[in-house]
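First chain A sits with chain B, and in the next complex the same chain sits with chain C.
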Partner chain A sequence: MTYEEALFYVIAAITVAGALGVVTARNVIHSALFLILALLGVAAVYVLLASEFLAIVQVLVYGGAVTILILFAMMLTRVRDIEGPLDGPQRPFAALAATVFLGTTVLAVTQTEWRGETDEATVVTIEQIGEALFSTWAMPFEIASLLLMVALIGAIVLARGEEGE
Partner chain B sequence: MFLLADNVWLDALLRMTIVAVLVPVGVILLTWVERKVIGRLQQRLGPMHVGPFGLLQGIADTIKLMTKEDVRPDSADRPTFELAVFVIVVPVFMAAVAIPFTADIFVRNMALGLFYFLAVSSLGIVGFVMAGWGSDNKYALLGGVRAGAQLISYEIPLILSAVAVAMLGQSLSLYTLVELQDNTPFIAYQPLAFVIFIIAGLAELYRQPFDIPVAESEVVGGPTVEYSGIRWSMFQMAEFVSLVLISALASLLFLGGWVWPFGADNATWLQVVLMVVKTSAFILFFMWMRVSVPRLRIDQLMALCWQILLPFAFLQIIINGLVLVYDWPSWTLTILSGAAAIAMGAIIYRVARRSGVLYQTSGAAEQVGLVL
Partner chain C sequence: MDDLNLLGPQLALLIGAGLIIIVDLLLPIVSRQAYQGRLPLLSGLALLAAAGSLGWSLALVLTDERGEAFDGMISVDDFTLFFNFLFAAVAGAIVLGSVDYLARHRFQGEYLALILIAAAGMSLMAAGTDLIMIFIALELQAIALFALVGISKNESGSEATLKFLLLSAISTAITLYGMAYLFGLSGETSLDGIASYVANTDENRSALVLAAVFLTAGLGFKMAVVPFQMWVPDVYEGAPTPITAFLSVASKAAGFAVVMRIFLAALGEGLITTDWAYLFAAIAAVSMTLGNVLALVQGNIKRMLGYSSIAQAGTILIGLAAVAAEDPQLLLGTSSVVFFLGAYAFTNIGAFIAIIAISHKIGSDQIADYAGVAKRSPLLAFALAACLFSLTGFPPTAGFIAKIYVFNAAVQADLVWLAIIGVLNSVISAYYYLRVVLNMFARDPETDEAFTPSPYLGAALAAAVVGLFAIGIYPTPLIEASESAARVFS
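Let's turn to the complex of A and B:
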């Protein structure tokens, strides 16, 4: 086993442990912290796949920003440990959804034609990403910005409404 | 790039070990420097008794902190409380890896070094929020929430001003950005971005005047309130390492790092001297600010970030875009950015004057209502 493989299994174990922690923790804040662990684990997998840019974006957006906002919202509300079982009568539906998702994922992994080995992966430079984003994919990019704009204006409208103006 | 060992993994490990050993030693020295500088600025002597000029005071303090009892509150959430300090310290060390100190002295020369630095250093916020919540102390929680709000807000102008420099250099590699400055440092072209970077950097360091997350007279130390001994000293270490890193980053991005003004081919010792002088200048400036400027209130803090720094950071990026696309001569960049920097200064001065911050007459009762 090469160093890279060993490292991959360690990272994968940490990621899976984090993901399990999210659903099994009895405290919501702990769930959020486990979520950060899982997302950082995914960033580490991106590094192993030679996609440094994607990894850094993952850390910047998910590790530093999104999860902080989740933590923030929860800390300002009352958080208590959940007593009793974590699942309920919806159990069969959850099992069904999980099985369908697992089946889809397995199908996707087995049906895709993977291009070469991981050590042959070509490094995509940030220049190429920029070119693609602003020429080939300019339209989706603009639509995404529009969506953010709408969300921003919506937030402002909600915040102003509370003042009773 | 030369390797310290035959194996890349062993080489990486060795480099990390060197960083992990050198950095705490530097921090011990820096705590002495800070106490001495602040002492002098306040017409005191600072530490005097341990060793010549009190030089060994930092080592004495380290021994004291390491042998102190590691107290944990009974009601604290133990894993969160204990892990929080590591979540704060580890990203700081990870960020240190990306900073080149001279043309030869660096851990890793990354193509995305600047981006990596900014992304990794944003992870520390999680640690503050964890410490604030895990301590089960209302002051710690208030401090943690304040730290989260402040650090996440000021990160945006910090990143945008760095983006402005990256636009000019057409690169995200700190090494390349420095090499480009052998004639003129970027501060000459980007005065506005420089001012924004320094203000936002100061806020990211949560030092005065931006120290509301840890303000002693308001939240008694904020997230650090329940920590003692070695864990508390790790907060201190993270703070000082970040101070050095932000100062080093500012001198790399805006003052030409080890290149300006002697060109790219000067001797290694001269490069080291250049970097030490530039970085120390920023560190001393940050210490000077700490003892001379009163603390901002949280509403003023947020208004400064979102209403002044952020629009002006966008303005700098728009100016850069125009000049780069239409290929205007570089002096237009200096004039436009300089004029915008002066305008920003004028706006801050006007607002400060009108709200009475300059004379600090606001009553204490008003501040009590704004604890959060």
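Let's turn to the complex of A and C:
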């Protein structure tokens, strides 16, 4: 095992631990903090793949902006700790389904020959990303801006009351 | 400019949406009074956008403009054009069907704009030939639909929105996971690239099957087939009725369009075709049976149509299951699905608009309260009965031809058992569809007060009913359109 591989497994373990923390923490603020950990772990994976730009975006957007937004939403809506169990009698079935799902995915992923399995990571520069984004991918990029506008309108419609003008 | 020309039908819808929002914003500054009476202006703009989109699609057909646009992100072919027509027409009908509802609510501009944007998103879903493009279009219409489902702020509406939002987010994640598999295997996001990988490989079958399963699960939410149908009854009941109609027709058709595009264009050749054909056959059988059995016991007509739409989705899936690798069957199975979606659009829009008109007047969604509607409003009762006959599959309606078409495809593909299940289910469905008809015609109403639908609803309903009889009596044009749409994949 090379040291990069060892590093990857450490990072992966931290990411998974963070993700588990999100769903098991009783305190929603703790959940949000665990989420930051998991998202930063993903950023670290990007660094390992020599995609620093993606890593920076991941930290800025997900690790920073998104989680801060979640924390603000919690603060403003004054959520309390979750009391009592969130699950019902379907727990054993869910456990069974999740295990089968995990087993199948692990089997399929390990048996598969993935495209681009090499020891060398391809380095993609910011210039290349920028050019691709505004040439080949210009159309989805534009639609994404439309999507944001729809989300804004939707948020206003859902947040404002029916009465009054 | 050629690219923009090909994108015209969607652009017309989006420009209409933009205009509506701007007018809605500026009007109160100009005149308070004009703002109060803005509904006819805004609905007119929305109808104009839908008509513009239809006209542009027609122009593309007439000038024989086809091709890929925007670096292979979308492809404008007969398949895309068919769905352009379908979504623009459905959007227009929904706008007409919403006027009465909007007159009693605020957010009129936002509502109409979101309908148009959602229709444009669905149309882009059908046109997309790249996974990224398809995904963005999928999200675009999903976010517009969230807001539309939650636009009325009552309790069942909020519950419906939350359910819809959460389950939709999960299904999106699953779809994306499936797409990630395809990208990981082929190194391509374009459907062509994936197709050439799938056609030339005899390895990695398990991962490909898994990708197909994830995509089916994620997009099954859109198509509303069992076991991804949990959201349907609650959301259909809680959403404003015109939006329910929009979900049950346009959103479902968009789901089928994407499934056809991805499965036929990218996963259509090679080893795994038979795998997903079996998967679809199983889902079709379960959806039809469960949907129909649960529809039997519903007292609320919107919930009944919700379960019935699950059963109908199962019937449509028979056509996809019948696509078993060989060319003649590919054509028959695919064109039967496209035809069914067209016929179903007329039928279900008609049924929902009739329900909007009737429920608004009698003040109830309960089937029991539909007693004697025929005596109070014979035309409305006749229109609803025609739509329900078409949903059951009686001649001479569109539903009859559609069902024969799909069952024929199944039989030709050696799926006789599936066709038999389909026929048996049609018999079951006759019971609950005809119960409504019986209630309307054979019972006496509590009051004899006559009523008529508003002119907007009347126009939309007349178009739907004329359409469903026209297709039922002379189906050739729609069959030809479906076949040329299906030929894109052969």
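Note that in this section the second predicted complex is superposed on the first by the 118 of 165 C-alpha atoms of A that agree within 3 Å, B and C clash if a C-alpha of one lies under 4 Å from a C-alpha of the other, contacts with A are read in each partner's own complex, and residues count from 1 in each chain.
Here is the rule we use: a residue touches a chain if its C-beta (ideal position, glycine included) is under 8 Å from a C-beta of that chain, and two chains touch if they have at least 3 such contacts.
All figures in this text were calculated on a predicted structure; none of them were measured in a lab.
Of the two partner chains placed around the shared chain by superposition, chain B is the only one that A:Gly64 touches, whereas chain C remains out of contact.
Of the two partner chains, chain C is the only one that A:Thr105 touches; chain B does not reach it. After overlaying the two complexes on the shared chain, residue contacts for A:Ala95 are found with neither chain B nor chain C. By the document's definition of touching, of the two partners only chain C reaches A:Pro140; chain B does not. In the superposed model, A:Glu52 lies in contact with chain B only, and not with chain C.
Of the two partner chains, chain C is the only one that A:Ala151 touches; chain B does not reach it. When the two structures are aligned on the shared chain, A:Val10 is found in touch with neither chain B nor chain C. Residues 9, 77, 79-80, 110-112, 115-116, 118-120, 122-123, 125-126, 129-130, 132-133, 141, 144-145, 148-149, 152, 155, 172 of chain B are the ones that touch chain A when the two sit in their complex. Those residues of chain A whose C-beta lies close enough to touch chain B in the complex are 3, 27, 29-30, 33, 36, 40, 52-53, 56-57, 59-60, 63-65, 67-69, 71-72, 75-76, 125-126. Looking at the complex, you find that chain A touches chain C at residues 104-105, 107-109, 111-116, 135-140, 143-144, 146-147, 150-151, 153-158, 161-162, 165. Chain C meets chain A in the complex at residues 14, 21, 70-71, 73-74, 105-107, 110-111, 113-114, 117, 124, 130, 132-133, 136-137, 139-140, 143-144, 146-147, 150-153, 161, 184-187, 203-204, 206-207, 209-210.
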